[in-house]
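Below you'll find a set of structures to go through.
Shared between the two complexes below is chain A, which pairs with chain B and chain C, respectively.
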Partner chain A sequence: MKKTFAALAAAALAASVAAPAMADLVVPNLSYRTGPYAPGGIPYADGFNDYFTLLNERDGGIGGEKVQVPECETAYNTEKGVECYEATKGSGALVYNPLSTGITYQLIPKVAADGIPLYTPGYGRTSAANGKVFEWVFNYPANYWDAASVAVKYLLDENGGDLSGKKIALVYHNSAYGKEPIRTLTELSKKHGFTLVEVPVDHPGQEQKSQWLQIRRDKPDYVLMWGWGVMNAVAIQEAANINFPMENFIGVWWSGSENDVTPAGDGANGYKSLAMHGTGSDYPVYADLKKYVHDAGKASGAGDQVGSVLYSRGMYAAMVISEAIRKAQEIHGTAAVNAAQVRDGFEALEITEARMVELGLPNFGQPFAASCTDHGGPGAALIQQWDASAKKWNLLTGFIAPDDEVLTPLVMEDSAAFAAENNIAERCN
Partner chain B sequence: MFYREAGDFKTSYRDDSQTFPIRFDRLRYYAVLVVAFGIIPFVINDYWANAVFVPFLIYAIAAIGLNILTGYCGQVSLGTGGFMAVGAYAVYKLMTAFPEVSILIHVLLAGGVTAGVGVLFGLPSLRIKGFYLAVATLAAQFFLVWLFNKVPWFYNYSASGQITAPERTILGVAVTGANTPAWAKYLFCAVILFALAWLARNLTRGTVGRKWMAIRDMDIAAEIIGVNPLTTKLSAFAVSSFFIGVAGALFFAVYLGAAEVGEAFGINKSFLVLFMIIIGGLGSIFGSFAGAAFLVLLPVFLKNVLVGVLGWPTDLAAHIELMIVGGLIITFLIAEPHGLNQLWRVAKEKLRLWPFPH
Partner chain C sequence: MPDTFFYALEVSLNGLMAGVMYSLVALGFVLIFKASGIFNYAQGVLALFAALTLVGLQNGQVPFAHLINAVFGTSIHGFGWQLPGIIAILLTALVMVGLAILIERYILKHLVNQEPIILFMATIGLAYFLEGLGDVMWGADIKKLDVGLPQGISDAIESTTYEWFGYGFFIDRLDMVAAVVAALLVASLTLFSQYTKYGRALRAVADDHQAALSVGISLRFIWVLVWSIAGFVALVAGIMWGSKSGVQFSLSLIALKALPVLMLGGFTSIPGAIVGGLIIGMGEKLFEFFIGPLVGGATENWFAYVLALLFLVFRPQGLFGEKIIERV
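Right after this comes the complex of A and B.
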């Protein structure tokens, strides 16, 4: 007994210190399959893993190099996130995608010091869109401030271009993530003359009675939600309980998955959310996923998340990362790229509709092109609505572009503050 | 045979009252110091610093702080997370307001600010005890977290409410910020822990500590023999909060680098530190170290065994890890209700008799 314990201890130490062979491309997946945010973390991690498995099985990796995706459980907790980052960065990690705004904030200075790109599609620090300041961080195709602006634009359209005198409540996760859109919404409320009511929900968000009582009393015309994990389902249930008109309730893209609406049953019918990409399993890529990954028994997790919104998003993130690696291989003329070369790949990345069709994802996401200054992409988003009887999301609009007139100065201001705090000189000049 | 008093002659009162009266213990203590300050800083890497040593050192400071209040003075506190947040936000405001002042001074000042806040929230302890006091300190926990979330001044009006530690140096070496070398992080925390543990040990065996223990054992009797409950209880709150504030400041500035109050300093932190001193042993400095080591190292160790060696799926490993840690806590406490410190003490007693037990 003692001996086996000692052997295990020695092996564990060796495993935590020794770096795996550097031959493969390493893309760590800092996922969370436990805790109150697991409803969002599991499908995302599955989609992320499955796409790389597909590339390995079908194409033999990227440019002939196999991709390794070591997974590390963070439980959406920043301390564990740091541990995971430190544990995996020595293994030749090419890019990080932690799916947590809190962990992203911690990693932004670290990745700059270690020279590893950080890719945060649709989350993280919004002002990282300014590549002049954030050399190592990329958040295209869209970010929180884009989302806030798109939601308001959609409401403007609904109201014939005038929101003056309307009252909009923001139900948000009381953390860095939920607070991100407040600055934009405040600016937009000044521009369009609506009143903004802030309704914070504390971690983990299982208890929201008082918040929805406040909403019932204040009678806002619209409710926007920045929620994640179990908080989403609870909010939608509570909104149904107070008979809030669901079509006036719009969630950000992190509050728009099947796991969020199904617990409320028919009550969730008509709930709207933003979307960064299409959803469902009608895309050609799913045939390959089924053939090479699921039927081969190589699926990640339980394999039951295919085609769900967050599975698609994890897959989308993996797709963008693999395209960036491909681009880096092309630029530097070598298949075994390193982290700094992958960063160049991210910066030169251009995703066209033609390329999306080749990848088996026609009309899935918006085309974008990154540059030295632009790490944020166009930022357009769709609006989707839940149909409870058919149990599916229906797209209501095409891609709506955000109001860059308001957003650009905010991004510049926030990134300039970060640059001043950390003595960063602007690049790309 | 080696571990005995015999042959170790004490010729002065000073020798008689030293912390480690047995020679073997003294040598062991010096050996630990040599390893901690002479060897580890030269071999440490980023992973060992950030995942193992730095959190262990910082939690040890917090555990000593809570042990002073709960273990030595008998005042139960559930406000540890809130007080750590005070330390973190104090050091953040100080770092950004006075960038030219040394970070070491800021950390100590942050401890001082926390001591003030601790005394304030310690006032109810003069009227209420036990569970009732625990509830009052729980209120402090929730109030402080709410305050740092609500008032933008504390986080310098940043868009997300996050606080981020800028780079600060000591003698030209960065100790906060992303460019900090692993050894500097480790050494900075280790030096502070050493100084504070030494201070705590000497406080607890002097007049101040004896007063705390008198209040803990029976407050009315203590009052009758002339111990002033007001100054004694409040001094325990002040010293304890100072330690916890320093731990909070290091936790944010050196370890995490960026923090948001609800997540980093929530009620879970309060419970974690409380469990550390319960598992380690109430009223013991060694127990604070042992408890912190147990609860910081065990999860990391299990994770490396289950995922790294056995190759289990991460979610299964995370669930099993919770069960194993929980099971071990219960087993330990059933086997030895006074914590790891008592096990250590029993082991030492046995060692003194070895190899001739009677």
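Right after this comes the complex of A and C.
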């Protein structure tokens, strides 16, 4: 009996992180399909997996090497995320994308020690954009501080270039993630003369009556939101409840998926959010995804998330990773690249619009070129608006560039502090 | 200054309303603890499971569709019907009764006379089992719950209070409905336990299991009954909370809001669950209003548990709980 139990336990452990064949390219997917944040984690993980399945089925992998994507469940829990990293790094992992700022902060020193790149598009530690300090971390095409700046630039455009005397409230998840934009918004408030009101919401954000009574009383001109999970849906519902004008309510890209607006129904109509890529399934790549992945019965999960905002984001992350691997193969002249070589690929990566067209994603994301110093990309973002009757996001703007005059010194200051704390010598000199 | 006073009053009223929502969850805990001495860790997940089932039935979703499609290569998703809210609620209540029978038959029956900690751990297992079952049955995507409940500001109250005080009060119509439902629920439960045969049997079991058994009361039946009622209360809580946020897996975390209510009101008192909820709701909102800005805000979860802790220190059984004295 004991032997049977031990065998079962060993089998379960082995099955939980499926071991890839040694010759394959290994890109672990630290996903969350359970727990309170699962509705966000599932479409992202599906898009991520499906893109690599497409490459395997259509192209035979990348450069002739198949890609294995072992999935490990983090439940958006930092400790579990670190456990997943430790459990999978020995399998020849080439890069990590944990979809959690909390996990990212824990992994930054680990990946530097282990020599594995960490890719955090649109999340994680903002100042990792400085490649001089963060050799192993990449967060292009945009980060939280870019997002805060783009939101303010959009509001400047809406107000004839003048926000002086305006009041902007920031409703944020009371966590490392939610607090990220405060520093930037504080600087921007000084520059443009608006008043910033901080309104924190505790995890998970199921109850926000106090916060929205405060907003009703303070009457801010605009509300920005840095939320995730149920917090987004409740905030949008509460905003509708107090009749806050939805067109003046803008969420970061993690507060701008179908999940966030659907529960409020018509009340969410007009709500805006930032976006760092296109959405919907009107891109040529979807024809291939249908043919090689979905119709072939190889789709990840239920296969019902195609074209959603978070599916698109997971697919975009996978696309960038695959391009970095391809670049690494090109630089080092071998298909079976290792993690250090993939890091070189990330650092030399250039994504042009012509390449996006080749990939079947025209006008989907902003072109960028990374370098030794620049791991953050151009940081531009779009503004999209929810149409509740059509149940779709409509793009209101093209890519808006952030205010580098304000952001660059902040990135330099924060990364310099990190370098001093960790005795890191600047590179790229 | 008058504005600050009226705002504080508005915050208090909304705190009381939020407290009613917490009480709806706490009631389920109290019912099961009172009747069987089990602290039901799964109560929050019961609310989630009930809400998932309600939306699934209402929208004609085929349970286990993803699993069926994966195994048999089919492509089924829905029955193609849209049930009226009340029918879906009644069907979900039946499902919760069925679940109570299964819980009694496959878990509780085997744990009779075990230590309370064993029963508590069994409910932890049950919580995770039900969360996974709900995921496989109905999917993990966020669902809009619409059983016709009103939502948003009550214009009548806002305009009336504006005429009277020059300050329009915000009261959410959903919270008003929740208050009425909670009052009806407490009244019904009280009438049931005081004036019906089964209610008296339930109280007898709560007072003394052995004595109840000796006069012929079936413990198994009472457990099914009380878990069914707790399942119905969970359904009500799931409807109210699900209407605010959509039905998603974070609904199970509403149990966290019920714990301080139980600590304060007592684990064995139905009125305690209500009064505890009102005190926690109003207390946390007022604390956030007066003290929150001084300490960076987001104090509500912290304050609720600190207040409950204070009550524990001075009155361990809670406001309305039974004082248990064990003499050697």
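As a working rule, the second predicted complex is superposed on the first by the 413 of 429 C-alpha atoms of A that agree within 3 Å, B and C clash if a C-alpha of one lies under 4 Å from a C-alpha of the other, contacts with A are read in each partner's own complex, and residues count from 1 in each chain.
In the analysis below, a contact is a pair of C-beta atoms (placed from the backbone, for glycine too) under 8 Å apart; a residue touches a chain by one contact, two chains touch by 3 or more.
Nothing here was measured: the structure is a model prediction, and the numbers come from that model.
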| item | value |
| --- | --- |
| Combined model on chain A: chain C and chain B, fit or clash | clash |
| Partner chain(s) touched by A:33 [first = chain B, second = chain C, both, neither] | both |
| Chain B versus chain C as contact partner of A:202, first or second or both or neither | both |
| Contacts of A:174 with chain B and chain C, given as first, second, both or neither | both |
| Touched partner set for A:113, first chain B, second chain C, both or neither | first |
| Chain B versus chain C as contact partner of A:263, first or second or both or neither | second |
| Which of chain B and chain C A:79 touches, first, second, both or neither | first |
| Contacts of A:243 with chain B and chain C, given as first, second, both or neither | second |
| Partner touching more residues of chain A, whether chain B or chain C | B |
| Chain B versus chain C as contact partner of A:90, first or second or both or neither | first |
| Residues on chain A lying within both footprints (that of chain B and that of chain C) | 33-34, 38, 42, 174, 200, 202 |
| Touch list for chain A against partner chain B, complex | 8-9, 11-13, 15-17, 31, 33-34, 38, 42, 71-73, 75, 77-79, 82-83, 86-87, 89-90, 101-102, 105-106, 108-110, 112-114, 125-127, 174-177, 179-180, 182-183, 200, 202-203, 301, 414, 417, 421-422 |
| Of all residues in chain A, those that touch chain C in their complex | 33-39, 42, 174, 198-202, 204, 206-207, 209-210, 213-214, 216-217, 229-230, 233-234, 237, 240-243, 259, 262-265, 267, 297, 302, 304-305 |
| In the complex, chain C residues that touch chain A | 7, 10-11, 14-15, 17-18, 21, 66, 69, 73, 131-132, 135, 139-146, 151-153, 170, 172, 241, 244-246, 248-254, 257, 284-285, 288-289, 292, 296-298, 300-302 |
| Complex interface listing, chain B residues touching chain A | 45-47, 50-51, 55, 96, 149, 158-162, 164, 166-167, 177-179, 255-260, 262-264, 266, 300-301, 303-305, 307-309, 313-315, 317-319 |
